[in-house]
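Would you mind keeping the following structure in view while I ask a few things?
Chains here go by letter, A, B and C, matching the order in which they are written, and residues are numbered from 1 within each.
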């Protein structure tokens, strides 16, 4: 096992102020059990899970309450034992409604009979381990929520050569992954070893940004005696270093083609939190029912890294961190670059809620957009090599076809373009608008073709 | 003097030669076209609004003459133009009624709850894509003017965060209908004068939480217009809808609505 | 915009130092006229007021820098009105203009008021404090002298030093390369401009002069006329120059080529002593095409490494 510096650098990227000092020294603390949880059936990428419970049912901690429906889907489990009060539509952070199980929690949470039996990661077969990952409802905890069992089971013609562990955490304010690496490096290692067995023994590259020296040291210690081709790759601190395609390029120099998945170049990227969750699922049979969320910003009294059950309301998290302070103008679910502004604290955490930020008017401001002056900052910042200024001007003028020709479907919506714009143009928003239009048009064309054929 | 004369004559000669060339080209090189296309194009209103589904009036005229389109698709032209086209093409005229667009919401910024300050692209679809929009009611008008921007007749204005269609200017082309991300706009017969301006089908308490003028489904409008048998209103969940094949004519339903979400035509001119 | 105004302060101070109080009046007139014109235009166009983005003020200052110090103020004001109205607001305001407004204004004035635009007073070291005042004398600028071929046996070092510091004739802002370079360094440090256009512009001028021996050593060509002013402050205007780095290099090189072509051409065939303004305007016209040719490289086209 050796530590190396990242050999390659993707073009573009920006350097926002990170503000990680608010929480990077704070160890993870557990949230006292909330009285109510709202567990969403649609918290992963793909088809929502099918709800298996109805009001009045009593569920145990870790019990399966939502069954995966379809190839790209994931199971959902009860994050606490309790009684189902209702099953109703609740908005997520993007405003989309999804069915949620409203759970009134019990006082006593010690009953773990709903857990699956522990597995020995060295002795269990590859299929058993993969089935365990699927049964535990594990999905990408870095934010995308892609069902992990699907990612770890590539089609027969694709072979995984590199397993890349994403410990970059390039978003400002967020330190959940950093603390996970510092405090639970051994569980992350167990998760990596499990994934390695499932994938057939690929080389392992652990990518960590160089602004987390303590995390790098902890991971070095945990992986010191790891066998095989394992490297810790120290990446320069640059946003969006944590983006899948760019991390693959920075660690192993491979370029994922447009519209393709990383497995097309023989790589699988997983978040450190996901690895730890896999370790839990294998060692103690606990499904994915809790995660660490960084509650930070200048609008919260005590910024913390909170481990909370999935389905905790933002209001409970805020209360645990001392409540709001000052004139909070913006509440963001996720990071400030790619997260979602939420209009209320009645929204619940999901398996992918990495951060909850409270920002006052010292940190945010209302802006009015001006025409593009062609300064080129967005172009220099774009990690996907697009021309954001031309795309935003095209979409503004209603010419979505031109935006499509300029490759807007490859936009990863990282926000680096809007970040530096001196005219305060909502460039990422324009790209998102164009993508929505194009997707709607493609869906309509597909439906028409299906009807004809 | 001589120079000027020569220059004038030369330019005149060049002009005459060009004119002759153009005349010859027009006679011998022109593309033979069905003369009916020109007649139909002249009959059509010339708004080039695209409401018929073709690229401008000329496109529709060509499709009609070629037999690729049905007569009567021109909403701005209405029945008068349809009749004239029918005469030109030698077919039967079908009767159509003038339709106008209606924004089924009356929740202005003063009446309807806004859950935050939206800062982004000033466009309804963009706002709807951001946390579901900044309006408390998920069904109501966001008021950023996507409909107003596409209207070829500038018949839609946004007042106090609410889009209002001016019936007198609307040609019924339907562009606003597809522009609205909440599918809030409906094309209704121009002769109807009483409308329910709400699209929120949720229960009363859910509606009153987010809007002061949303329909709560109390059925009073039905009761005050002759009851269920009169069939002037239908109900979708807790939302009343005017039955436009049999619209109410008694304006007392407007005053009797406890939520003030039933309005009559004056609304579209004055916003009242 | 504010950064560019700050960067132009050293050159403005030099202008006052070398040309006296009239430099102040000229700059004030131009800036005042551009800002007022933009305000009036925005009111008439019923658009939001945009003078607070300082782009109008900058256009005014750059226009003033491109004028001879003795130009009648009413002519300067006319040029300023033209620059803002015809070359900027008519297209929709900031961000929509295809040509650099200050240079468009200068070109308009050069053609409308050719005489006053080509008459320069001789500046003096202590012009500001000179009790006799400055005499209006039509003396040649360095470029004028180069055109006449009077450069054969001048004291080159002394002349270059004079050119660099500013003890020569010329338009208000183009005389002191030193002051301009100080401002340019500030802009580069603040990342307001990138190195691509200035370097390719100046390098092309120098290389062209070196290889074609255009009547003077390359350094003289680089330091005279508006090359330093044009390369760092006018050609780098965001709106009218290409957006990609390669595009900027092409743009700068094109400007250099056109500058030297115009400078070395026979006056009877359209040559002027000064070519920077026209060359930048011509290249502005090519900017959309250059942007089309030099689209950025998408991530997917990166070379895979091992």
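Everything below uses one rule, namely that a residue touches a chain if its C-beta (ideal position, glycine included) is under 8 Å from a C-beta of that chain, and two chains touch if they have at least 3 such contacts.
All values derive from a computational prediction rather than experimental measurement.
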A correct list of chains touching both chain A and chain B reads none
If you take the mean of the Cα atoms for each chain, which one ends up farthest from chain B?
C
Find the two chains joined by the most C-beta pairs in contact, please.
A-C
Whole-Å distance, chain A centre to chain B centre, using C-alpha means?
43
Round to the nearest whole Å and give the separation of the Cα centres of chain A and chain C.
51
Of all residues in chain A, which touch chain B in the complex?
91, 93-96, 340-344, 366-367, 369, 396, 426, 429-430, 432-433, 436
Per the touch rule, the chain B residues reaching chain A in their complex are 115-117, 119-121, 123, 125-126, 129-134
Within the complex, which stretch of chain A touches chain C?
7-8, 10-11, 245-246, 249, 253-258, 265, 370-376, 379, 382-387, 389-390, 406-407, 410, 423
Contact footprint of chain A on chain C as seen in their complex:
53, 92-96, 194, 238-241, 243-244, 291, 295-306
